[in-house]
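These are the structures, in structure tokens.
You will see two complexes here that share chain A, one where it goes with chain B and one where it goes with chain C.
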Partner chain A sequence: MWEQIAANRRKSFVLVMATAALLMALGYSLGEYFGGRGFGWYGLAAAAVVWLIMTLISWFQGDQVMLAVSGAHRIEKEDLPVLFNVVEEMTLAAGLPQMPAIYIIDDPAPNAFATGRRPETAAVAVTSGLLRSLTRDELQGVIAHEIGHIRNRDIQLMLFAGVLAGAIVILAEVGLRGMWFGGGRSRSRRSGGNESAGIIAVIAIVLAILAPILARLIYFAISRKREYLADASSAVFTRYPEGLASALEKISASAQRPTHATRATAPMYIVDPMLREGAMAAQGSATHPPVGQRIQILRSMGGTDFGAYQDSYTLATGKKGVLPPSALTGDGGVGPRTAATESAPAGEASRRNLARQVDDFFYRKGGYDRIPCDCGTVLKIPPDFQSSHATCPRCGKEHSLKS
Partner chain B sequence: MKCPVCRVPTYVVEYKGIELDLCPDCAGVWFDRGELDLLLPAVGGAGLSEAQTRENGRPCPLCSRTMAKMNIGPGRRVLVDDCPTCGLWFDRHEVEDLSRDLVEHSLDVDPALAEFLGGMFPVKGEDEC
Partner chain C sequence: MLIVLLIILGVALALIGWFVGVYNSLVGLRNQVKEAWAQVDVQLKRRFDLIPNLMETVKGYMHHERETLEAVTQARSAIGGAGNIPDRIKAEGGLTAALGRLFAVSESYPDLKASQNFMALQEELTSTENKIGFARQFYNQTVMNLNNKVQMFPGNIVAGMFNFQNETFFEVTEEVEREAPKVKFD
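Presenting the complex of A and B:
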């Protein structure tokens, strides 16, 4: 376990260096292209400044930016007690120093992600669609997967890499647009075009096109293995792999994709939100392993420790070594829960309860009036309601509304 | 949410943990996808089938895409508006019509659903409307 975490740190370093080198090369070539001979260093400096600013922002505000981009609302215990309790339990199970902040995104597509730069200041975000469609056991599996990302220190890297890749994308975009509209002194000054200017132009164009793709590839390279480790962590923390397995099944079967997801935030979600239906189960994506395979591995686990996950992984893929050897000898030796905590009807009831809490949270946020009717129904009146009264459809009673 | 027919804001009624949106003007009812998961299995394998009608499709109150006209229930008499991603819209009394249809075909309806439908939309005599 800790070996993988240390490896992640090393990888983080290499990744940052590689991406930074790419950014510098791009800055240099664009400088040469637009400024003429010798201006490459100015371009490089400009790229470094852009990088520095974006890195500082990501370090101090990155999680906030990510959450703001996703349209997330912070929630407290009284808003959504069920969700809060599940996060609390999984924080304890994972031995995190502090409970992550919990955010909810009003989006019908079920999905979840974790972010933040340290385990102490991490955040878990889930969509309202996820909360509406999952039972408590399934939710626990998903939250444990996200907590796994936090404990394995995946989140800081994702955040950092995401912003770096973003800087490259922005720079390349600006550069390409500049070229398209005919900027660049090299062209106007030496209209005949000597050879070296031509070479620089070619390099600049090629870099501007390839750098964003390359940055994204580097970014994706590591995330696959992290998904397996987070799945294994979820099984260990919950001692009930079926919870996550059936949640993944529901999430991947959902026809809706999160409307707020962008290519930059996609790798953060538990199931890749950028995939179209159908393609998902079949081959997975650059950032996530195939969901069908992840479910199969979880379902054929013989126990609930890392070793059981490893064996099941090998059985399903014919490959070895998805988890680091140290994870296999370490913690998590507790047996599986003998049975599901929830029977099917109880699961359905817990799902309804959760869904109701989510709805009520957004009704409160939206300024709805709550009017309990004597017959057992509750009327919820939106702030922009136009009639002066509302009828209970059950008993026919008319409730008059205040102003 | 706005009523797809009258375009006025709807209100929400919660009963036995199930929530529906109602229009104050036309008394139409919106079933969300989540609520439908409970309703559709109970309606029998047939579920929804494409309807032959000249009525124009209405925009979905949530995603604004045009909804399809569908027949629901074993008798295929009830005509509803269906948004495949968001939910179903029943015009006034159509939910009662569906309940009646279910009773006539004596389908085994999920008791929770039967209780909900019966409680929320009691089947009244024909003279009511």
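Presenting the complex of A and C:
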């Protein structure tokens, strides 16, 4: 795994430096355009300050930013015991130094991501739609995939890429708006006589238009290989590749797309949230391999180690060498495991149990009162309920409410 | 003459460097095994602590299952008597089996199964069993990394000099419960 870790470190560094170059070029040309001759250096200095702040934010607060823009809420063990237990189980399987913080996003589209700068301070976020639609084994597969990203240090690179790309897009947008509405001072001051001002204006416009495209290009630094490695890690940690395979099937079959996902955060998710259904299964995207292929590789694995995943990958794609060599040596000879909820009814029961815990969590969060009725139903009273009595919908019993 | 001396010095330095590297990686691997076992131990201890609670809850419902209950209590106390890791692993396996029987028997007590207390305990114990399994999986991987380094050339030279031992795998099934081959270098 160390090649992957080293590659992620190297790419993070290149990414930060490339952003610096891009931002300063943008700052210089915008400065020349708006401020006139000689103001480019002020623009450059301003861009350097912006870059420094952005980098510091990604380094110290990046995960918090990512979680905030995704609308994630932190949860504890009492809130969702099953989810908490599953994350703890996978932390142990991966031998992570510390259990990641767990977040839930209230979104019907099933998806998940991991973020954080280091494994010690990582976080895993899942949508409520994911918890409502998966069985315990499927959830375990998804969580193991995310824990795989944490262990392989993919999260750091994705974090930098997300924050920096997002910031560039915003800055370029501001610059462009300024040009359309404000115009350049240089134009009015030197009435078209200066040729270099015109050239710089063109450069500024071109750069401002190109910046978002360049920001998108950053993501080509993030290869699809990290998704394959995380899938393989999931199979190794759970020793039950079918769990992740059928979870991916459910996620890609869902018609819903996460409402909070943006172009900047899309590569973090387990399944690319920006793709339409057909494209997702068949082609994938720059950052995510096609889901259909990922499922096929998982399903035709002959064992549950990295070697089995590699063989299955070669069989499915005709290509070789998707996993780093260090993953293939020192591979534990641990055999497959029978799932906890192998049978269909047991799986359905575990899914219902998960869904109920999610509902309970959001009812509690919304300030609902819970009144257990003798017939076994639990009445959920909204905080703005006016009447002093509530009738059980099942047995018709009257309950008086405390004000 | 000077060149020969320098070459000898260079080779000696390279050898020492290599030696230090191998020694340090052996120490690192051994610490990893210890750390991984500590994780297993935390979960085993948690299960150990949950059992009195479970017995208290179950007692009131299961009047005809004295043997099953006693088997669990006995298996639990056997763990306290186990000294070294291989004995401990055996004793823990006994407890896993006894608990499995208890949960199987509990299927025929609907009142017990409906009890909130029992449901919460069952989720905790089932998840703890899972955690033991996953922690064991990671422990075994670290043991294999260490054993490979201890047994394979040239690591075995350094391992023999400083008495690095093979560690025991944590296996649960009976047929794989055989002694790991002990390699001696003295």
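FYI, the second predicted complex is superposed on the first by the 393 of 403 C-alpha atoms of A that agree within 3 Å, B and C clash if a C-alpha of one lies under 4 Å from a C-alpha of the other, contacts with A are read in each partner's own complex, and residues count from 1 in each chain.
We adopt the following convention: a residue touches a chain if its C-beta (ideal position, glycine included) is under 8 Å from a C-beta of that chain, and two chains touch if they have at least 3 such contacts.
Predicted, not measured: the structure shown is a model, and the values here were computed from it.
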| item | value |
| --- | --- |
| Three-chain arrangement built on chain A, chain B and chain C clash or fit | fit |
| Which superposed partner A:Arg132 touches (first chain B, second chain C, both, neither) | first |
| First (chain B), second (chain C), both or neither touched by A:Gly302 | neither |
| Touched partner set for A:Gly366, first chain B, second chain C, both or neither | neither |
| Touched partner set for A:Thr391, first chain B, second chain C, both or neither | first |
| Touched partner set for A:Lys380, first chain B, second chain C, both or neither | first |
| If touched residues of chain A are counted for chain B and for chain C, the larger one | B |
| Angle at chain A between chain B and chain C, C-alpha centres, nearest 10 degrees | 100 |
| First (chain B), second (chain C), both or neither touched by A:Arg352 | first |
| Three-chain overlay, closest Cα atoms of chain B and chain C, distance in Å | 11 |
| Overlapping contact positions on chain A, where the chain C interface meets the chain B interface | none |
| Interfacial residue positions of chain B with respect to chain A in the complex | 1, 8-19, 22, 24-25, 27, 29, 33-34, 84-86, 119-122 |
| Residue ranges of chain A touching chain C (in the complex, touch as defined) | 81-82, 85, 88-90, 92-95, 237, 239, 330, 332-334, 337, 340 |
| Parts of chain C lying in touch with chain A, wherever the complex brings them together | 36, 39, 43, 123, 126-127, 130-131, 133-135, 137-138, 140-142, 144-145, 148 |
| Complex contact set, residues of chain A against chain B | 108, 132-133, 255-256, 349, 352-353, 355-356, 359, 363, 368, 376-382, 384-387, 390-394 |
